[in-house]
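Two complexes follow with chain A in common, the first pairing it with chain B and the second with chain C.
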Partner chain A sequence: MKMDMDMDVNIKKNYPSYVRGREIKAEDIEEGRVSYNLHKPNIIYSFTAGQAISKFLNGLKEGKLLATECYSCNRTLFPPRIFCEVCFRPIDKWCEVKDSGVVETFSISYIDPDAKPLEKPIIVAVISIDGASPKMGIMHILGEVEPEDVYIGMRVRAVWKPESEREGSITDIMYWKPAEGD
Partner chain B sequence: MTFNEKIVNVRELKHVEGKIELYWIYTSGEAGDKFFKALKDEGKFLASKCSYCGKTYFPPRIYCEYDFSETEFIEISGEGRVRAFAVATLDSYEKPLENPEIYAIIDLDDTDGCIVHLLGEVEIKEVFIGMRVKPVLKPKEDREGRITDILYFKPS
Partner chain C sequence: MNVERIKGLKFHKKQDVAIVGAGITTFKRRLNETGKELSYYAAKQALDEAGLSIKDVDMVVMGSAPDAFDGVHMKGEYLLDGSGGSDKPYMRVFVGGGTGVFAPIAGYWHVASGLADVCLVVCEEKMSSCYPHPQSAFKYIWDPILERPLKPNLIWIFALEMRRYMYVNNIKHEDIALVSVKNKANALDHPSAQLAARITVEDVLNSEPMALPVRRLDVSPPSDGASAIMMVASHIARQLTDEPVWVNGVGWALDTTWWTNRDLYFPRYVAEAARMAYKMAHITNPRKEVDVAEPYDPFDYKELHHMEGLGLAKKGEAHILTREGITARDGDLPICPSGGLLGVGNPIAATMGVKVAEIYWQLAYRAGKRQVAKEVTTGIAQAWGDLMQIGTVMVLSNKR
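Let's look at the complex of A and B:
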C-alpha cells in the first residue's frame, strides 16, 4: 500500500501538468465557472400491448381477468398469450379466471421509482391467480394489510376501481387485499 | 385462436406511452474552457501552438498529439477559407427549411485546424471552395460561452 502511494507521487512529479487534470465540482457547473453543454434528448416511446394483452386490458375495464388455454398441454395461461410457448402452437380458447389468488412472493418497498423515500411503504407481490395453471400470475401491490402481516401463501382478492373510472389498464385493480376465509 | 377472436379494430389495441428522462453535461475541458471564455468575454479566437514542432491546433489542445509536448495559447483572427460546404434544405427533424442553411468546413488562418459552421450573408450560388470568410459574433451580452456565440461566417 505504501509503495503504491509512493509510485503515485512519482507519477505526479515526473509528468507534465496536463496529465494531472483538474477536478470539477458540481458548484463549478452551477455557477458557470467552467463552460459546458447540457444535452437533454427527448426520448419517448410507445409500447404496443399486442393481441393477447390488449384483450386482457380491455377485459379489465369490464372487471374480468381473461386467460387463454392450450388444449395440448392443458395449461391456462395468465396473463394471456396467443401462442403456447411450451407446445409451440396457437392457443385454443379464451377463458375467464377469478380475481383472487395466493401470494407467491412479496417485497416491501420503502422508495418510489425515483428512489425517493415513501411515506408509507408499498408491498409488491407476485400473485398466483385462481383458475390459472400453477405459478401463473401477475405482479401487483397489496393493500389493507400491514407489511409485517404479509406471508407467502396468503390468500388475496382484487380490489377494483369503480367501473366508471376504469380505463383498461392494470391499475384498474387498485390493489389486492387479504381474503382469508373467502 | 380463430380469426374472429382477433382484435381487428385498431382502437381496441392497447399501447403504453413513456418517456425516458435523461440528460448529461459535457464539459469543454481545460483548453475548450479557455477557448469559450475568450470567445465569450473578449470575442477572441484562441488556438494552441506546440512549443516543439510548431503545429497549431484549432480548436486548441493542452498538449501536442504528435510529440506530447505542452502547447501555448495564441490568438488568431478567426478568418479563414472555405474548404468544403453543403446546403441543408431540411432541419434535423427532416422538415423543410424556409431558408436553406449553408454548412461549411473552414480552414482558419495560421492554424492547422478547422471549424464546421454556418455561412451567412451570402447566396448559395455565390459560395465557392477557397472563399475567404470571417466570423460574425453575437452581441457580447447575448454570448453564453458556446459555439453558437458565433452566428455564422460571412464573405470577407
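Let's look at the complex of A and C:
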C-alpha cells in the first residue's frame, strides 16, 4: 500500500512531484488477482453506402470504376463523391476511369486487423488511378507479385472477380497485379 | 454575397494565458486504477504544483480519445468527477491522437476569452480496458464501405505514410531508427516511462516486422495513464508564481479524410496548424526562435515528419539533424527530451503529459534530470491524430 501513503507527501517545487498508478499484468486479470468485469458487447451495424458510393459499388458489379468531375477546380474525384470538398459545390458529371494505376506507396503487412500474425504477409498499397486527377487513389491489395519486387511507381492493373461472383463491394476487385508493358 | 472582413482583428484575446502547474501519472500497458482514479491523480498533482484547490477552478476541460477503448459512451461524463468537473462548466474534446494538444487548446479558449480565469485541463486514456488488445478497437477507424472489407490494421496507414516519406526524401530506415534510440534513452530519466531502454539501431532494424517498413521498435506502445495542466489568467499567475509559462500561440488544422487523395510524404495539416500558431506567437523563423520541441512521436518517422511540418527542419532534412545530435537533449534543438511516446508511452490523449506538460516543465526549469542543456525561452508542443489528418500546435514561452 505504498502508493496510498504517497498521497500526502509534500511536493517539491522544482520537480514534477509524484507519479502514481499501480501496474498490473494480463495474467493478473486471467488469474483473478484483480477485481474486474468482463463484458463482450454484441453490436451489429449496417452501414449504408450513400449516394455516391452506392453508384460506385454498382459500377464495380459491371467491372467499371466510376469517378466524378468538378468543373470548378477541374479535378476528377476518386473515390467519387456528390460534392467537391474544395469548391464546396455539387459535382458536375459522372465519368469512368481506368482499372489501372500506379503504386504511390506500399506496405508488407504481417498482421491482421486484431494485430494477430498472418500466415502469409499481404501487400497493401495506395494506388493512384489512371484517368483520375494526380494522387487520387484508393487503398487496395497487391497480388501476383513477390514483396521484394514491389516498388513505388510500379504500374498495376485490377484483377476482377468473375462477373457472376461480384456483389457490389470493393472486394469485387480481388487484387491489383503488375502491369508492366501492358 | 461578399462579406466585409476587418483586417487585423484575428487572435485578439481578452487576457493572457499561463500554465502554472502540471501533473502526470505513471504510463503502463495496464494499470489497476480506473479512468476516474487516474484523472484524479493527475488533476490533484497539477493543482498541488500550482498551489490551488479545486474550489479555485472555474471550468474544466477533459480530453479523451475513442470511447471504444473504455467501452463507455458518454466517456466525458463518466470521467467527470475524477477530473474535478462536477458542478462546473465542463466539456470533453476529442480529435483522436491530436487530443493531447487539442485539450489544452480548448483550455486556452476558456481563459483567453475571459470566460474563465482558472481552467483545469485533464487528459485520460485507459486503453487496456479493451481486452485482450486495443488493436481490436482501432480497426473501427477505417471507412466501413471502402476500406474495412480489405481487413486493414491501423498500422497500415502509418506504414504507407512512412514508405512514401522515405521514398520521396530518400531516407534510410537506419536514419529513422535513430529517433527510437534517442527517445527510449531520454525516457530513462522520466519517472512515468513504460518503455525506457538503451537500444541500438540494429535492435530496431531486427525487431519483429509488423507492417513493413514499420517494425515493433518503430512503434510506441498502447498505455494507460492520465495527465493534467492548470491554465490561468495573467493576474492569477502573478499571485502564484514568479515563473509562469505563457501560451503565446495555438493552431489546429485538419486535412481531408480522403487520405488516399493526399501525397503522404509531407504533413500539410501540421504545417497549417503551425502557421496559425506561429502567426499568433509572432514567430517567423521557427528553427531559430524555438529552443525545445515536443513533436508527436507515436512512430519514429513521425518525429522527423512532424519536425518538417513544424518548420524545425527543411523537407527531408530532419533525419540529418537527428544523426548529428542536434536533436539530443544536450543539442542545439532538443526534440522530445521527455522520451516522447516511444519511450514514455502512448496513452493517446494523456500524452499531453509528455508534450504540453513537458514543454511547461522545461520552460519553468522544473524538468529535473530531463532539463535540456541549453537556455530555453520558447518551446512548442504538437500532436497529430484522427485518420492521420489533424495537426495541433501550441507555442509556449517563459517570456510574455
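Definition applied: the second predicted complex is superposed on the first by the 144 of 182 C-alpha atoms of A that agree within 3 Å, B and C clash if a C-alpha of one lies under 4 Å from a C-alpha of the other, contacts with A are read in each partner's own complex, and residues count from 1 in each chain.
Everything that follows uses one rule, which is that a contact is a pair of C-beta atoms (placed from the backbone, for glycine too) under 8 Å apart; a residue touches a chain by one contact, two chains touch by 3 or more.
Computed from a predicted structure; not experimentally measured.
K.L.:
Does chain B (first) or chain C (second) touch A:Phe47, or do both, or does neither?
P.N.:
Touch status of A:Phe47: both partners.
K.L.:
Can A:Ser72 be said to touch chain B (first), chain C (second), both, or neither?
P.N.:
Neither partner.
K.L.:
Which of the two partners, first being chain B and second being chain C, lies in contact with A:Ile24: first, second, both, or neither?
P.N.:
Both partners.
K.L.:
Please determine whether it is chain B or chain C that touches the greater number of chain A residues.
P.N.:
Touching more residues of chain A than the other partner does is C.
K.L.:
Contact-wise, after the overlay, does A:Leu38 reach chain B, chain C, both or neither (first, second, both, neither)?
P.N.:
In the superposition, A:Leu38 contacts both chain B and chain C.
K.L.:
Quick check on the superposed pair: does A:Gly168 touch chain B, chain C, both, or neither? Answer first, second, both or neither.
P.N.:
Touch status of A:Gly168: first partner only.
K.L.:
Have a look at where A:Thr105 lands relative to chain B and chain C in the superposition and call it first, second, both or neither.
P.N.:
A:Thr105: touches chain C, not chain B.
K.L.:
With both complexes overlaid on chain A, does A:Pro113 touch chain B (first), chain C (second), both or neither?
P.N.:
second
K.L.:
Overlap the chain B and chain C contact sets on chain A and report the shared residues.
P.N.:
16-18, 21-22, 24, 29, 34, 38-39, 41, 45, 47, 49, 53, 57
K.L.:
Flag every residue of chain A that touches chain C in the complex, lowest number first.
P.N.:
These residues of chain A touch chain C: 11, 13-26, 28-29, 34, 38-39, 41, 45, 47, 49, 53, 57, 77-79, 81, 85, 104-115, 121, 124-126, 135-141, 147, 152, 169-171.
K.L.:
Where on chain B is chain A touching in the complex?
P.N.:
Result: residues 1, 5-7, 12-20, 22-28, 30, 32-33, 36-37, 40, 62-63, 68, 70, 145-146 of chain B touch chain A.
K.L.:
Touching chain B in the complex: which residues of chain A?
P.N.:
Touch residues, chain A against chain B: 16-18, 21-22, 24, 29, 32, 34-51, 53-55, 57-58, 68, 82, 90-92, 94, 168.
K.L.:
Flag every residue of chain C that touches chain A in the complex, lowest number first.
P.N.:
Of all residues in chain C, those touching chain A are 22-26, 28-33, 38, 41, 45, 48-49, 71, 131-133, 135-136, 139, 144-147, 149-153, 155-156, 159-161, 163-164, 167, 191-192, 208-214, 224-225, 256, 258, 260-264, 357, 361, 365-368.
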